[in-house]
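Labels run A, B, C, D and E following the written order; every chain starts at residue 1.
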Amino acid sequence: MALWLFVFLAVISLVSALGVIVQRNPVHCLLALVLTILALAVLFIALDATVVGFLQIIVYAGAIMVLFLFVIWLLNLQAETGPTGSLALKFFGTIASAALVAELWSFLLRPHLKVKYVGESASYGTLGALSQKLFTDYLIAFEATSILLLAAIVGAVALARRAPGQRDSRQGSLP
Amino acid sequence: MSSIPLTWLLGLSAAIFAIGVAGMIMRRNILVMFMSIELMLNAVNLAFIALAHRLGSMDGQVIVFFVMTVAAAEAAVGLGIIISIFRNRETVQADDLTLLRW
Amino acid sequence: MINFSQINLVWLPVLPLVVIATAAMVVLLVGVRVDDEESDGLGWLALASIVIALVLALGIFGQSGIAFAGAIAIDSFSAFFELSILIAAALTVLMSLDYADEHRLPGAEYYSLLLFSVLGMMLMATASDLIVIFIGLETMSLAVYVLAGLLRRDPRSSEAAIKYFLLGAFSTGFLLYGIALIYGATGTIKLVAIHAALTGPLLSNPLLLLGLGLMLIGFGFKVAAVPFHMWTPDVYEGAPTPITAFMAVGVKIAAFAGFLRVFMVQLGPASAAWTDVMWAISALTMTVGNMLAIVQSNIKRMLAYSAIAHAGYILVALTAGGPQAGGAILYYLLGYAFTNLGAFAVVVALERRGAAGDQIADYRGLATRQPLMAAAMAIFLLSLLGIPPLVGFVGKFYLFNAAVHRGFVGLVVIGVLNSAASAYYYLSVVVAMYMQEGGFLEETRRSRPALVAAIAIALIGTVLIGIYPEPYFTAAGNAYQSAMSPEEVHAATAMAP
Amino acid sequence: MTVEIIASIVKSVLMIVIGLNLSVFLLYFERKGSALIQDRVGANRAGITGLGKKLGLPNLGIINTLVFDPIKMFTKEDFVPDGADKFLHTLAPFLALFPVMITFVVIPFGDTISIAGHQIDLQAANLNAAVLYLLATIGIGVYGIALAGWSSNNRWSLLGGIRATAQMISYELAMGLALIAVITTYGTLDLQEIVRGQGGVYFGWLPRWGLFTQPLAFIIFMTAGVAESKRVPFDLPESESELILGYFTEYSGGKQAVFMLTDFAEQALVAMLVTTFFLGGWQMPWLYRDGFHLPGGAFIAMPALAISIAGILAFLIKVLALCVFLGLVRWTLPRFRYDQLMRLGWKMLVPLGLINLLITAFLVVAVGSAS
Amino acid sequence: MLTAIIFLPLLGALLIMMQSDERTVWNAAFVFSLVPLGLSFYMLWQFRAGEAGYQFVEQYPWIPSLGISYHLGVDGISLFLVVLTTLLITISLFYSAGGDIEERAREFCFFVLVLETGLLGALLAVDLFLFYVFWEVMLIPMYFLIGIWGHGERIYAALKFVVFTMVGSLLMLVAILCLVFSARQHLEHITFDLPMLYQVPLSTTEARWLFAAFALAFAIKVPMWPVHTWLPDAHTNAPTAGSVILAGIMLKMGTYGFLRFAIPLFPEVAVEAIPLFMALAVIGIIYGALVAMMQPDLKRLVAYSSVSHLGFVMLGIFAFNIQGIDGAVYQMLNHGISTGGLFLLVGMIYLRRHTREISEFGGLWKSVPIYAGIFMVVMLSSIGLPGLNGFVGEFLIMLGTFLRLKLAAVFAVTGVILGALYMLWTYERVQFGPITKAVNETIADLNGREIASMVPLIALMLLMGFFPRPLISRIEPSAARLLERVNVAEARLDERRHRAALAATAPRGLDSRILKVAAAK
């Protein structure tokens, strides 16, 4: 990957990530998040993780974020008018994250950061290689994930379903 | 690719992670808090991919696959919960949730 | 094409998991045709599957090996934790049977989610690879998030769910980041391989250290260690009481299963890096948990803080490390399951719809109105307080013993002082029950044999395991040993008496 | 190297031009074809100042649709409603068009040809994970519409947006399942490979098109594709009688034109995809690299260049035919109700897709993949 | 047999919980307390007088993986305490049945019997873990007894009692664990068995810390000044039977703990700590006496007198000679009997008047002569009148203390005098003089049951006062064996001090000079 591409993507993803937490309108936050996700997806692809990069777009941007959008609509969220969180909290949050990032960087940017290279096969990052791993080494994780998804579906339905006799506080907001 | 050092990638990932943490701490809108969590997960994904690339092992990518799946499941449940709380309380501001002492 | 022989399919060890998963789906399918008000049958179905899984899990004791390409560990460690989890689940189901009816919880979803979370817990207990632990954790957590919010008419319930969810997901982020960095440092996520890789210069690799720290935060949230405990009281108070019990016990056991296997067993060689931090966390957890428990007036909140304190006691042993500590933690968790579930079962029994009856003041005069219930509650509370010969005492004894033997006397002193302080709030309930008059009069209601059975079983467990702890403790010790690699077992036995 | 870059630029432009032209064709067909079906005249101006009529040309209405309509659209007032999110309102149409446009580049419109010693793939971008790319762009396509609906500050628009989003997401699933069955069959994510895999014949005479290899997937994909492009009978997001114009009610002028273009481009895209996956792409029945091998043993030799051109032609013809077919569908079927639409998607197509996938997987393990 | 003594009350307690009729409950409880009493007398009779070691030993493995066994035994120190326990419990139950406890009799009997199990177990356990278990077990029933059937600020008092005691005992638990850990390193196997642990050599610092923890736990229980503050509250607010058991037996657990555990386990530290403990004991004696004198409340007065009396016991123990320890054990018994008796008497009058204010009484001699007579005897026993039991104990203690530390003996004598002073003064205010309050004229004298509860105590006072020999002869061997350990330790300590003194007097500069030379080389 060329340096300019990395810098480009890094800037986009950082700026849009900041956008997520400073925008007042939830929809704008969401779009910023989508942009981050897309930038990262491209970065993934550039890092030879083609399949995962596309999955990132399909699953994250294409499905999860749309779900978020739906909920924003469903709840009819408007831009926050009042202050978003107390000043003290903001201050604390900024300090805390600055500390976190400083610590992480100080650790991660050390020159002697050693990572051993295992060896890249020709099929690195392809669907074939991914599936091969998925259905051998990670079989149990894969199966467990299916159950996780089932549980999540059941759970989401159980919660979002109205309780018998419960009425929605607002009527008829959906087609 | 070898032109980009691993540390830069991890640094980027750390920065995004920290932004997510900051959002989680600073924002009071539950939905935006949730989005911040998604940011964190994305940062994690980036770290996995970068490390996997450097290690030359596919494991990291497989894990990212799982993380995405889990994120999807989490989103479904989380949004379900948000809807249910909105139905009860008509708010998604964390500060308004004071029935239980926070 | 895929070579299936690589996978090393061994079915027997995962059979309990399969049973639970199947049962969850069957409950779901059957439940579609059942009214919410008549969910007893589903509960019994769930209970039956849990019992079957329990029996099957017994079969894993004494085996050793690794299946599914190193993702699943077949050892007594898994078996012991599975057993504890399943016992907790069985008692939870027993106390849910009437509760679900009375509060009109959606039966199919309730029981299937319960089973799903049990599955996640068992997966955490058996996992031998970080990603499976993670997925198990998520399966468990997601199901429990929903269960916490399942009292859909009660705003407190959904509030509990959202708080639990947000902070749970938040902590997941940390856990994952930790996993990522450890993966980077060692090049693998298989615990055994990580263990093997932890030598020499790697131990000071910043990636590893940072990863450890982040994972500590992640697990800290799940076991509700201070300062990652903020969610606990709110969530415990708002959730349906049987689920609160399940969270206080099942989730905690499972989280400790993961915590233990990752930190004590597999990252043991790197223990120098985290012992100090753990020391502080443990001391804080005990102290804050106990101090805040004292000021509570709601019994569920009180028990929540007490659960935090108990996590602190367990962390004492975790800080100490070593085989004795491992066995002690396993034993403690088993005993804790009985005791705490028993206490919650009594809370369930006294609670009325609309959450009346969960104030400590509501327990006034219980001893004269329902002497047996009061006696049971008193015994559970005394066990939590650590009065011999109940299991709570023996467990604490083992924990502190292990810590003393590793030289952590200071921490143990903090622990016992906390233990003494905890007398204040545990006994305040006893005071209300036995020494004060008033309280609210329960409406007459139909007898609830399942709930009574749950309390009785918990009582028997609390007393029996406490009076004669030897076999359980030995089993716990062996279970812990079985999770270690052979050379470590050797080293440990050389050191042990 | 340079040659390849130039080639890919040329191919990309070519592909997009094809796409746009198809859209234009569809626009025209929308006018004139519908009139034909409904037995009315429709667009009826043969030329400016009656010039065409004087020359004796038939009243094809080409000038109306292809010249005046665009002029009208692009000169109309660009109106942003009060209270709308101005930025998103402006962005939305392009957000909708962009993913569709970039999808065209992965579709192979011909076999590899060699020009001056360079092997040139007749596919603008040869991605080895093209199917994923496809799904990704389709997934992104939701945003333009969703945001258009939301940013207009109009209840009907929002409803249209919600409907569109839900519909697209739902049918994406069915589409994905159908595609997974296809890629399982061919064992690749590369569209060119998939098309190549559709060469040859069954039983000595039946082309091995996806249509015959994966009939169920074809039906699902076709249905889902129509739904994705929000055309009748799945046009609930923009159903005039209910929602005025749905998510682009509040759009006018050029931006509305972009939305309409998107619609038609989507339709063209669906046609191309169906062609690629199920109608053999650029494969002509019985045409091999050396010429026709007709059933019954007859053989007609052909030069390589002719074969290549025949392939491109075959592709275009199939796409056009499909476009016409889609137009016919659009003008002959009544609209669904929303719950029917959802039921069809979730209770028919998704289970069907799963079953199809199961059968496919079983067959692939038992027999081996098709390629 | 020891098992039977310990667990019969528990069995009784469980059986009682199944009864509902109040009469049956009382009778059954009485019977179940009588049986251990009989057994303990049988044990007393069978006890071989001249032997120092444990008798009636029972030992079974319990938690072998940690070297914990179910190990019981009785020796001269615990022998009479066991008998005292069974006796006082029987008397309390007998007395309480007569109307002192009116509600929730079943639970009352249950807790008293469980308490008996705990007390006896703690006295008879030879395994540290087992001891600790029983030690904590006795806490809870007492808590309930004070909390449920107490008066006034009973809940506060009960909680204070529990928290105080638990802090001490839990620290002791840590100390036990540390000790066992050292034992494991030294003996190469893990054990909680007391005789085994006696053999563990400890470094001085270690031993000091551990002794401190043990001593704190026992000192709280004794209670020694300044950790005595829970005692007046607990006593004042407890029901009569609770006070009797608390004062009569439970406080002895502290002193017993010193004799059995704290001192023999860490004899050197104990010897080092003599001045400290003697000082505390003396302060306790005088402070207790002075505060008792000021009390307007009869029961509180008796409670503070306990502080004073237990100070004597501690003094005797830390005299570390045969007289002192004999006297201490003897005084433990005396205090159990006489203070138990006093609490019973206070309870009786409280039952009649529902007040314990000394100023409320006066001239009771006239209206309740039997009561006044018995009160006199018990009080004199408490003061230590020659011929009654108290004298023997106090005399032996004084003798021992005098031999060890004359100054302490001098102060302690002050305590004796003060004790006589406030007791007699109280007696005067309560019994003599004119009847100031009209109600006091009409109160009934003791009934049969009440007299019957007092008779055994009075008999014992006289017996022990006139015939101390049979008791002393059984106590002495065990006390002597304890002293052996202490003496050895003392000798060792002296030697070490001597050496240290020698080293200190040696020219300091020499060493440093040598070092310098060495460094230069």
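Definition applied: a contact is a pair of C-beta atoms (placed from the backbone, for glycine too) under 8 Å apart; a residue touches a chain by one contact, two chains touch by 3 or more.
Here the structure is a predicted model, which is why all the values come from computation and not from measurement.
Looking at subunit B and subunit D, the chains that touch each of them are A. Judged by touch alone, the chains other than subunit A, held in their current positions, sort into B, C, E | D.
Relative to the whole-protein C-alpha centroid, the nearest chain centroid is that of C. When C-beta pairs in contact are tallied for each pair of chains, A-B comes out on top. Taking the mean of C-alpha positions as each chain's centre, the chain lying farthest from the centre of subunit E is D. Distance from the subunit C centre to the subunit D centre is 54 Å, each centre being the mean of its Cα atoms. If you average the Cα atoms of subunit C and of subunit E, the two centres end up 42 Å apart. Centroids of subunit A and subunit E (each the mean of its C-alpha atoms) stand 68 Å apart.
Centroids of subunit A and subunit D (each the mean of its C-alpha atoms) stand 30 Å apart. Chain contacts: subunit B has residues 10, 17, 20-21, 34, 51-52, 54-55, 57, 59, 62, 66, 70, 73-74, 77, 80-82, 84, 87 touching two or more partner chains. Residue positions 131, 135, 138, 142, 145-146, 149, 152-153, 158, 161, 184, 187 of subunit C are each in touch with at least two other chains.
In subunit D, no residue touches two or more other chains. Chains touching one another, given as pairs, are A-B, A-C, A-D, B-C, C-E. Residues 10, 17, 20-21, 24, 30, 33-34, 37, 40-41, 43-44, 47-48, 51-52, 54-55, 57, 59-60, 62-63, 66-67, 70, 73-74, 77-78, 80-82, 84-85, 87-89, 94, 97, 99-102 of subunit B touch subunit C in their complex.
On the subunit E side of its complex with subunit C, the touching residues are 62-67, 104, 107, 129, 132-134, 136-137, 139-140, 143-144, 147-148, 154-155, 158-159, 162-163, 166-167, 170-171, 173-174, 177-178, 180-181, 184, 188-190.
Here subunit C touches subunit E in the complex through residues 367-368, 371, 382, 387-389, 393, 397, 400-401, 404-405, 409, 412-413, 416-417, 419-421, 423-424, 427, 430-431, 434-436, 468-470, 473-474, 477, 497, going by the rule given at the top. Of all residues in subunit A, only 25, 27, 31, 34, 38, 41, 50-51, 54-55, 57-58, 61-63, 66, 69-70, 73, 126-127, 174-175 touch subunit D in the complex they form.
Listing the residues of subunit A that touch subunit B in their complex gives 1-3, 6, 10, 13-14, 17-18, 20-21, 26, 29-30, 33, 36-37, 40, 43-44, 46-49, 51-52, 55-56, 59-60, 63-64, 67-68, 70-72, 74-75, 77, 80, 84-85, 89-90, 92-94, 96-98, 100-101, 104-105, 108-110, 113, 115-120, 124-125, 129-130, 132-134, 137-138, 141, 145, 148-149, 151-153, 155-160, 162, 166, 168-169.
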